[in-house]
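Read from first to last, the chains carry the letters A, B, C, D and E; within each, the first residue is number 1.
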Amino acid sequence: MKNEQKRKDRGRIGEFTIETILRFFAGISILTTIAIVWTLFSETIIFFKEVSITEFFTGTKWTPTLEPRHFGILPLFVGTMMIAIGASIIALPFGLGSAIYLSEYAPKRVRKIIKPLLEILAGIPSIVYGFFALTFITPILQKFLPQTQVFNAASASIAVGIMIIPMVASLSEDAMMAIPDSIRQGAYALGSTKFEVATKVIVPAALSGIGSAFVLAVSRAIGETMIVAIAAGQSPVLTFNPLKSIQTMTGFMVNISLGDIQHGTIEYKTVFAVGAMLFVITFVMNIIAKMIVNRYREEY
Amino acid sequence: MEIKIKVENLTFYYGNFKALDNISIDIEDRKITALIGPSGCGKSTFIRTLNRMNDLIAGTKVEGTILLDGKDIMKNEIDAVELRKRVGLVFQKPNPFPKSIYENVVYGPKRHGIKNKAQLDEIVEKSLQGAALWDEVKDKLHGSALALSGGQQQRLCIARCLAMQPEVLLMDEPTSALDPIATMKIEELFETLKKNYAIVIVTHSMQQAGRISDNTGFFLNGELVEFGQTDILFTKPRDKRTEDYITGRFG
Amino acid sequence: MEVRTEQNIYKQKKSRNIRIRKAKNIIFYSIILGATGFGILVLGLLLYQILKTGLAWLSIDFIMNMPSRFPQKAGIKSALAGSIWVISLTALFSFPLGVGTALYLEEYSQKGTWLNKLLQLNISNLAGVPSIVYGMLGLAVFVKMLQFERSILSGALTLTLLILPVIIVASQEAIRSVPETLKQGSFALGVTKWQTITGVVLPYALPGILTGSILAISRAMGEAAPLIMVGAAGYVAFLPSSPLDSFTVLPIQIFNWTSRPQEEFKNIAAAGIIVLMALLLFANGAAVMLRNKYQNRMD
Amino acid sequence: GCGSKSGNQSHQEPAVQEARLSGEIKIDGSSTVFPITEAIAEEFIAMYPEVKIPIGVSGTGGGFKKFVNKETDISNASRPIKDKEAEAAKGAGVEYIELKVAYDGLSVLVNPQNTWVDSLTVEELKKIWAPDSTVKTWKDVRPEWPAEEIKFYAPGTDSGTFDYFTEEINGKSGAIRQDFVASEDDNVLVQGIAGDKNALGFFGYAYYVENKDKLKVVKIDNGNGPVEPTFKTIQDGSYAPLSRPIFIYVNKAALERPEVKEFTIFYLEKAKEIVPQVGYVALPDEEYKKGLSLVK
Amino acid sequence: MEIKIKVENLTFYYGNFKALDNISIDIEDRKITALIGPSGCGKSTFIRTLNRMNDLIAGTKVEGTILLDGKDIMKNEIDAVELRKRVGLVFQKPNPFPKSIYENVVYGPKRHGIKNKAQLDEIVEKSLQGAALWDEVKDKLHGSALALSGGQQQRLCIARCLAMQPEVLLMDEPTSALDPIATMKIEELFETLKKNYAIVIVTHSMQQAGRISDNTGFFLNGELVEFGQTDILFTKPRDKRTEDYITGRFG
């Protein structure tokens, strides 16, 4: 009895310790968040002491390192959006399609081979994708649309899209695989085709996981730097034409932060302002994505 | 006597394990066929082969023939989708979709092309009434099916199947989680349905088999020990093992 | 008989309907097969291009040599060693940290509080923060504040922060997908929460957790920019011997080679990429195998 | 290597004596200078395997920041140190010497299909690239050229190359027209110009040398007739004004350490041989001698 | 008469839905208490509150007191983990872990500190025998529990609970998927166990309740309509609704 009690106490202490450790782990994520927000926003505040907020948000010229300086972020914003939207148009359907194929159609053996293969795509360094875009995708685009510039948003966004396919595919596939088989069988027993089981039962039931996969992947697309730095051209011009060269927010940031800029200068602070802006954009995008997923999710 | 499903020399394996051994049986139209036997003897396995649900389990193997209205269902003379539409199955373990009650019931009809809202509403009401569930859930049709009690889930799955109006109903212990009154209602439903359909029910209640079925099959260790008219099987079983089982002297 | 035809609302529609539905299925099947094929095709293409240019340069010498300005002598040894160091440490830090955080958020924390919601939102938001920002953070925190200098440790910690969101979010989803009935079954046996987590939750969620980790580690393996910021060198001709040593990694070395004017170095870069992918396969191999073991559909 | 015998000779001696040199020499800074320092380090290590020389590439500005913080012993720089940086160094008590190590020629390039441009005067360059430039087509430069729109390519706005070009041509670092395509990576610019008939751009000489088949170099006329960039014209200064010196900065305190001192001497003695190997132009001999005298 | 669990004025809500309304009941030690009532009346909900399983469902609310050996389980006088160890529960819907049969049974004991292989083996054999499953699975102890038939899974879950040797056994329709013979064996087991334990079983079989229980409670729409000695309740019910229900005249 005494032993029993001891064991229980020890067990309870163990539980408590574990919870504390896990809480500590979660605390690190919170700290990271705070640190990043702090890193970005503290310099941003200084930035806005020197640059007018109106110019920043409404100006259409972005030349913070060139004389005469202009700080209108719209060109970068539009560039970023073009890349993100373009990449999503590629990655979401292809990724989800692959996920459905792997989870619902593919024989087990095929799945076991293809899934890791696709995941290799996620590990190829982004410079490789950058040059792939430049030397492979762009010439193809130019063949069909001769007005395509050598550096252009379209080919960069296609490359970014390809790079994030495995993220969408793999994570969505896991979400679908986790749906208990009895649910699937229930649907088949009602005379469903595979297509119907996949789209009407499995995908809705796995929507939360699929939504997360989308959000992670699109975030990655927005945050991607090297591909756009190489293939999209680094020209901060306000254009909605994806065949023209553009600059994204990340492209600008990598340019400055790996370049020869003195710390403390306005150029340097601009990096943080842009970073903070990017942070806000992804934040808003996440909120919207959450709302959409919650709206359509059928999980009870 | 019209034979709806003719099973001949059916043998079934899970991997190396022979779960059904050379079963031959005739399922008559407009009759209720009951399958009885101790737990683990192969009843569920058998009933699932009738609409090819076992195709979905990896590593299984079927031999023999199953004819639905004379057509071999295993040779793709009828394809699986159509087969399953015509031969409805209610699983032993309730498996409602993680959707609303309403969406569970209309799932099948919608897939099979019924779009009209009024028509769907009608199907929902009728099917739930048939499954003796309507009164309990009519106010929460758009609530989650997973928030139902065990017996309610079971009836929902019956309703989901009825909504398809299949020609053959396969029911794997459809009233196992139900109280006597709900059971009675479901049994009454079967009596009505059998005017048009062939019904196969797996049950572990000998009373139930005796009460409602026309024919009964007794399974034991994957074999069909005896099959025949219910009253005869229960009163004058030909096989010693059947007699032992129905008199409770078994094992 | 009459009752039947009258009653059965599907009869008239039936055969046509089924044919259409099956056709839809076939079309859909072709589409998703195509989608998967597209991914594989691109991978094949990339691989082909890389192998075509790089394979000829790949040799034992290439792996065993230090970098050099002479293409024939250039090797990848120090970068490979650096990558192995950094990735091992990153995996060591990020896996427990990520899975632990996910467990805390899913199983322990009070859900629905605004703090929790905000945190949740922020974690997926962190995935969109460009890697250079993590580089800046790493420089400020690990290199400067904690005085780890420009070491492997600083690099690994920086990458840990970078990939944490992916591991956390993927793990959370996986943990959330564990059927409630299983968890209840465990709790009903009077076992503690942690025992339930290790006994039922983690085994069931493992495939998803591993996928997240595979993707995340792969990403970490290919990152150059944040490591350059925390001071990974472009040229290192010695093998690091402790986590506090200077280092370089494969993507930096590759980046370095691709940005040279000489054509040969582009080929060497391709050979470097092959090494990187091999390392990737190797590093993920165990995780992939473990995932295959656990990923059987469960009821 | 086909290095000069005398160069090798002069170093055989100390190698034997001081083969036990060890320690770590920390270097960071310009990506432009990186290949030279890397090559020197490679040779140095072959002789003194105990010495560790990690070389970072955080750009000239980033390098100076670390240099000022005493995180590095030597800083690679593709431009002279700026006043602000020098002040910071002073404030931190960092004394240093500046050593010129090579020239980098900037080449102006067009697409090989461009049959009309052969040379440009500095004036024309300025007219083209000025911040308020009105040049849109080739015709705007010289009336006999076609009225096709020019596409502009330039290195990343934060590279030393870009700074130098804008300063020399437009008179102010960073002053330039704003509708150009930029890339941090000169190889990417090569791709851009090679793929665009109406391209006009500039970047490091080495990248032109390696891609002669894809590009056409433009002669520059500084008032003394058009001059094509070659090793010779860059070294003797006749290719002007687009060749710039590049540097290393050595911390004086670190120079007290034998390995740093030996390395710096080695650098200057070997530069003449190694600089051309990595695509840059060596300085005239006197320049290296001047440097050596500073170190010793 | 020794009271093991004393429930007083228990009211339970799923969100706004009141699933249990002011229930007071005494569960006696070394007795079998049966709970009957139509599907959806709250039996499972009630039984789950007794070991606080409902804590795990979001949006629920409990009022009232539940005393185990005089200690209030809701006020953390006993913590949930210990409570659940002492009060074992078998769910209505079998929920074996996706592990081997062996691992399912030893899951609890292992976590409560039993490491010894021989001891575990013994627990497995005993528990499976108790649940009348041993003979069927002794050759595939290391096969997946999910490859068992419905009834086998149900018995496995009983075995899993027995392996913990709890003081109170809560069984939610433990024999619903079992044939008469297996049912009989389980009932015999209960007869043995009740010498040491308090047992509560939910059943929809009035015969079963009559056969094995000492006390019976009749639930209807979340209310405990009547509770008392089984023989009295079945022969002389005080409440009209109880009478209607047990005579099948209900609804």
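Assume a residue touches a chain if its C-beta (ideal position, glycine included) is under 8 Å from a C-beta of that chain, and two chains touch if they have at least 3 such contacts.
This structure is a prediction, so every number in the text was calculated from the model and none was measured.
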{"item": "Chains touching both chain B and chain D", "value": "A, C"}
{"item": "Chain whose Cα centroid lies at the greatest distance from that of chain E", "value": "D"}
{"item": "Two chains joined by the most C-beta pairs in contact, as defined above", "value": "A-C"}
{"item": "Superposition rotation for chain B onto chain E, Cα-based, multiple of 5°", "value": "180"}
{"item": "Between chain B and chain A, distance of the C-alpha-averaged centres to the nearest whole Å", "value": "48"}
{"item": "Mean-CA-position distance for chain D and chain C (Å)", "value": "38"}
{"item": "Gap in Å, rounded to a whole number, between the CA centres of chain D and chain A", "value": "37"}
{"item": "Gap in Å, rounded to a whole number, between the CA centres of chain E and chain C", "value": "45"}
{"item": "For chain B, residues that touch 2 or more chains besides their own", "value": "81-82, 85, 93, 111-112, 147, 164"}
{"item": "Numbers and ranges of chain A residues touching at least 2 other chains", "value": "11, 180-182, 193, 196, 254, 258"}
{"item": "Residue list for chain C, restricted to those that touch at least two other chains", "value": "21-22, 179, 192-193, 204, 228-229, 258, 298-299"}
{"item": "Interface residues, chain C side, partner chain A - complex", "value": "21-22, 24-25, 28-29, 31-36, 38-40, 42-43, 45-46, 49-50, 96-97, 100-101, 103-105, 108-109, 119, 121-137, 140-141, 161, 164-166, 168-170, 172-174, 176-179, 192-194, 204, 207-208, 211-212, 214-215, 217-219, 221-225, 228-229, 250-251, 254-255, 258, 273, 276-277, 280-281, 284, 288, 292, 295, 297-299"}
{"item": "Contact set on chain C toward chain B in their complex", "value": "3-4, 7-10, 13-14, 17-18, 21-22"}
{"item": "Residue ranges of chain E touching chain B (in the complex, touch as defined)", "value": "14, 36-40, 44-45, 92-94, 136, 147-153, 155, 172-173, 176-184, 204-206, 245, 248, 250-251"}
{"item": "Residue ranges of chain C in contact with chain D within the complex", "value": "66-69, 149-150, 228-229, 231-238, 246-248, 256, 258-263, 266"}
{"item": "Complex contacts: residues of chain B adjacent to chain C", "value": "79, 81-82, 85, 111-114, 119, 164-165, 195-196"}
